[in-house]
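So that you can tell them apart, the chains are marked A, B, C and D in the order they are listed, and the count of residues begins at 1 in each.
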Amino acid sequence: MSHNSFGHLFRFTSWGESHGPAIGCVVDGCPPRIALGENDIQPWLDRRRPGQSRFTTQRQEPDQVRILSGVFEGRTTGTPIALTIENVDQRSRDYGNIADRYRPGHADLAYEMKYGIRDPRGGGRSSARETAVRVAAGAVARLVLGPDVSLRGALVQIGPHAIDRARWDWDEVGRNPFFCPDPAIVPLWEDYLDMVRKSGSSAGAIIELQAEGVPAGLGAPIYAKLDADIAAALMGINAVKAVEIGDGFAAALSSGEQNADTMHMADGRIIFDANHAGGILGGISTGQPIVARFAVKPTSSILTPVRSVTRSGEDATVSTHGRHDPCVGIRAVPVGEAMLACVLADHLLRDRAQNPR
Amino acid sequence: MSHNSFGHLFRFTSWGESHGPAIGCVVDGCPPRIALGENDIQPWLDRRRPGQSRFTTQRQEPDQVRILSGVFEGRTTGTPIALTIENVDQRSRDYGNIADRYRPGHADLAYEMKYGIRDPRGGGRSSARETAVRVAAGAVARLVLGPDVSLRGALVQIGPHAIDRARWDWDEVGRNPFFCPDPAIVPLWEDYLDMVRKSGSSAGAIIELQAEGVPAGLGAPIYAKLDADIAAALMGINAVKAVEIGDGFAAALSSGEQNADTMHMADGRIIFDANHAGGILGGISTGQPIVARFAVKPTSSILTPVRSVTRSGEDATVSTHGRHDPCVGIRAVPVGEAMLACVLADHLLRDRAQNPR
Amino acid sequence: MSHNSFGHLFRFTSWGESHGPAIGCVVDGCPPRIALGENDIQPWLDRRRPGQSRFTTQRQEPDQVRILSGVFEGRTTGTPIALTIENVDQRSRDYGNIADRYRPGHADLAYEMKYGIRDPRGGGRSSARETAVRVAAGAVARLVLGPDVSLRGALVQIGPHAIDRARWDWDEVGRNPFFCPDPAIVPLWEDYLDMVRKSGSSAGAIIELQAEGVPAGLGAPIYAKLDADIAAALMGINAVKAVEIGDGFAAALSSGEQNADTMHMADGRIIFDANHAGGILGGISTGQPIVARFAVKPTSSILTPVRSVTRSGEDATVSTHGRHDPCVGIRAVPVGEAMLACVLADHLLRDRAQNPR
Amino acid sequence: MSHNSFGHLFRFTSWGESHGPAIGCVVDGCPPRIALGENDIQPWLDRRRPGQSRFTTQRQEPDQVRILSGVFEGRTTGTPIALTIENVDQRSRDYGNIADRYRPGHADLAYEMKYGIRDPRGGGRSSARETAVRVAAGAVARLVLGPDVSLRGALVQIGPHAIDRARWDWDEVGRNPFFCPDPAIVPLWEDYLDMVRKSGSSAGAIIELQAEGVPAGLGAPIYAKLDADIAAALMGINAVKAVEIGDGFAAALSSGEQNADTMHMADGRIIFDANHAGGILGGISTGQPIVARFAVKPTSSILTPVRSVTRSGEDATVSTHGRHDPCVGIRAVPVGEAMLACVLADHLLRDRAQNPR
């Protein structure tokens, strides 16, 4: 049991604070003889990297990953893979004024009530900066899953503005600063987020993940269900408040017949007529695409003053002048993908242990 | 790591199938010297017991719990508490016709693809019957949490029919067969479910849980967040497809100012002005009420024929004549409460280990 | 993490006290489709059963195992296997006089200091009776290992009387009440133990385990070493005070050349010239026989009065009139075998997860 | 579950190879607000550091530890503590000749059979160099245990030469290069090891650990026994082949009366008359000193040629010219202390979770 480890057989242990010298993780349990270099990880980090558009924080971090162990002559050895990322642009001065007060929506108060101590510089351990190591671990997980698994994510809603799913085009996701699959909504989102940012506010978002090619049989009853582990993985991302699989909340409104993913035979194979279940039944993958969505609340750090209290017990206001994402949900897309990749890689190994094929 | 254990320090391991001789669990890690008898568990099981109204399955199970270990002279000893519940009314003949085909929405196909074998009697291990042991374990968890924690649940929506939250009255929950806090909607739900049942269909539902009096400081960064563990616990209940904490998906639509749970001082204490976060910030409880909701899909076992395939690879239809809940979400209320109780008890012990107070 | 579970992927969770209604365990993670019935477990329990000679306790327990879940039509389903054994011959009256005082060498005082409460009937949870469920779980583990693994144990020393290893004959182990591989020493042990028993004393013992046919590659660096897990498994058996692998303590006396298990090629295969390492190098099995030994202290329950103190803090003497083994090490042979089988089955699954072959 | 993590609530995850850029570990679960700086760790590393006498390897490593996270303004924050130690003096050329053959007694063959790949430089992950991070983690564990726990170790035997326990003086341990508590045997050991080294051989050793001031109640039945966890911790150190607690193997030779740690009252407290049990009964600490011993085999890397085989399946000889410890058991003293400290710190937290005092 560890508070800072994720997964069981494919497992990573994360460390580091926003304003310390570095952040990193140790990936344990990776199968041996997988080709792995820093070049396999860096592109995923680059997707998450801040400062790439005016819609994300202007903190400049090269986020260069370094592999310190577990790889010999370009291949994994089965021993732990230590990954580190230096913190370069940590301007602690930005945060001096928040050390003495609790920012609403942040972990400040909760940490202090739990531990009696808190590193206030940039949110310390609670900074979204920690998600960089998740992306790095997720890059390794993708290699464990192999090329047959196609795992990708998209932003499907910012604030009240949802995409038109009829226009969904995966190729568009890489062509705009939002990971948006609907090109027609991009200008609207740009205008909306410009307005949000200029007014000193922030916006929430909804992300959708899909994994195709996942083998049937991953997951396990009763307390190792694949959907339960995905729910934990996504809910554990900073600022996430909701998770759904397949039809999710909408399933509650449908009838048994509507919700049934009926099947028929075709060419000797079982064909599903729908995928309301999001690729998981009884906690176990069915071979259909795995579909999950999660909601990210609006960034809690905003310029608009909100009322709060100080550590010494006085009323106060908090107005955050630091460099922040007006919509932290955008950069949550690669983070969500990484977490899903880690869950799937873990369950691939877990299934293999009990059910050699 | 175990596929059938839940929790870490307060932990239970579940076993049993719907149509075996019994089901049960082993509760490990319970603190010693807690007064515990079967009478402390039975009332919670009775709330979940089937056959108490025409809106739940007519299977008749007394669900009598028996304590086989871990208690001496009426108090826990700190050693494992074995709980068993006999299966009395298992009519395997009801299920003979489904052994050879995969019921849509059920785990039949997934189990068979994973294990290459499946106990088809009543869903075997995947039966909602397993949730009885969760309720039993949850009853012990409530004793670990102690009387200061008030943990309760309510059904807030059946199919498209949501309650009016303005009429919420906790006292009503025990006065109708739906655990419904809004008495005005009960007749509508009765009519609706009668119609659903008579038409051979089924309905989904949404459940809301609230836990008041939870101490601040439970949960832990980064991969042991209280909300992540609640999400896994609720998503792991049979037929659940979505989970949200606090404002959940609605948070994605709000602005940073709207979503901020601002604070002020009153009588030397920190007072929150709202609880959009559902009592959890940065994965750690704040002392505010913990609020979680989850969605249950419509029961997959329906009388209306749906198309499917047989184990031997032929098209077929499935029509379930067994005794089933038209809305399995009703009985999910005590199950959801139990899972939340187990998460909180586990995190109470986990926090205590690192942060003695 | 669980205080009463053993193993990770092949895992069992034990419950029950000496004088409760039953003891049992839940075996989780067992691969599916393995033929399993009570008849596969009972013979191993019969080997450990008390009352089979005058050299073990006269408590009469049929130790009939019952499978309550996880098996369908004679094969495992991959779901948890619940095993129970009723307690039949629990004479609590034998123990009334020890409830108020701490028996030296027993867990009485330690339990009470830890938990502030203790079930004194027959040692409660600390009774050697709990080892029956280990043997039951071990029987399942043997099936997971399969017929190519030959795992057996023998008693090699009672008190000061060691066997002559030159006379080792595995076939003799089943022909005497001591699991002794050296028939020539059996009369001496009989006389010695008769003397020990009549004088109200007790004797210690040393057990040796061997596992042949264990595939190379089980175990893992650095904190999942096969030898470390074997050490924990054996040290965790009641009354065990020492464990060694291969040459064990004797290795400390040898030189690097003497201790080297040199190798040569023969018929295209690597042949070891010796097995000082006991089949494990760097925490990983090499394919050579795994050899482990463990020492059991003399039974702490003796007729001879020893001084002690009461719960109320007064000097007292303790003289145990209950039915006890004069040499608890004898019945530790099947228990040690079972624990080794569980470790190996667990590591077989663990290795398979990371290293599919 | 992790192959490279140790402990449960106080837990560290280790990474790194002998000849990579660095080694390190992540300590998770450390309580907050403990004063911690690099100066609290460095002295323990210095005790283990090579090259301090002619009796240890001449590899020169400053072993400077660096804290990268988890500490704010000189105190732990409750978040993970990342510790790194650079590898400075890695001369890979020394090992070129062993990449193609399996060194007897080393993990070379086992790793290759398990993973199909191996980092041969200096033993890679299996190098005793990894034990530096154990010592670093152990230094943190000592702070968790606090000043009331006195934990120390000593070398009690080299090859056939055991100390005279009547001359035991803890103060002497720091005054000779062997951590030897018996000054009279030091000259003999010097001569013996000089002879061993010059003859191209190596020697084994036995280490004894004692921990005084450990509170009663640590450990837990049945599969979390303190002695079982100590056994695993010590057996998991490189080259260890045997572990015993208290009287250990000698207990097997004694009678029930001799082995009884009888008690009497004095000044209202329970006084033990002996400590054959080594401070642990029923897997739980009693408050008496915890005593454990472990045996280290002679260093497998020796100058004397021993026969072996190559990776391509040919007979060969191995003669190790690298810089090695003639008696690796010497530097195992601080490593054993560290592992014991980690076990005790882990169990302190585990006990506290279930049994708040």
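Basically, a residue touches a chain if its C-beta (ideal position, glycine included) is under 8 Å from a C-beta of that chain, and two chains touch if they have at least 3 such contacts.
Since this is a predicted model, take the numbers as computed values, not measurements.
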**Length of the shortest touching-chain route, chain B through to chain D** = 1
**Item:** A-C against A-D, pair bridged by the larger set of C-beta contacts
**Value:** A-D
**Prompt:** So which chain is farthest from chain C, going by the mean of the CA atoms in each chain?
**Reply:** A
**Message:** Taking the mean of the C-alpha atoms as each chain's centre, how many Å separate chain A from chain B?
**Reply:** 26
**Complete:** Chain-centre distance (mean CA atoms) for chain A and chain D, in whole Å, is 39
**Message:** Averaging over Cα atoms per chain, report the distance between chain A and chain C in Å.
**Reply:** 46
**Message:** Show the residues in chain C shared as contacts by 2 or more other chains, in ascending order.
**Reply:** 1-5, 8-9, 14, 29, 32, 78-79, 114-116, 125, 221, 350, 355
**Message:** Give the list of chain B residues in touch with chain C in this complex.
**Reply:** 1-5, 8-9, 11, 13-17, 20-24, 26, 28-29, 32-33, 68-70, 72, 75-82, 114-119, 124-125
**Residues of chain A touching chain C in the complex** = 1, 9, 29-32, 78-79, 221, 349-350, 352-356
**Message:** Applying the document's contact rule, which stretches of chain B touch chain A when the two form their complex?
**Reply:** 1-6, 8-9, 14, 102, 104-107, 109-111, 113-116, 125-126, 130, 157, 159-160, 196, 201-206, 216-225, 227-236, 241-249, 251-265, 268, 270, 273, 276-278, 280-287, 295-302, 304, 306-309, 313-315, 329, 350-351, 355
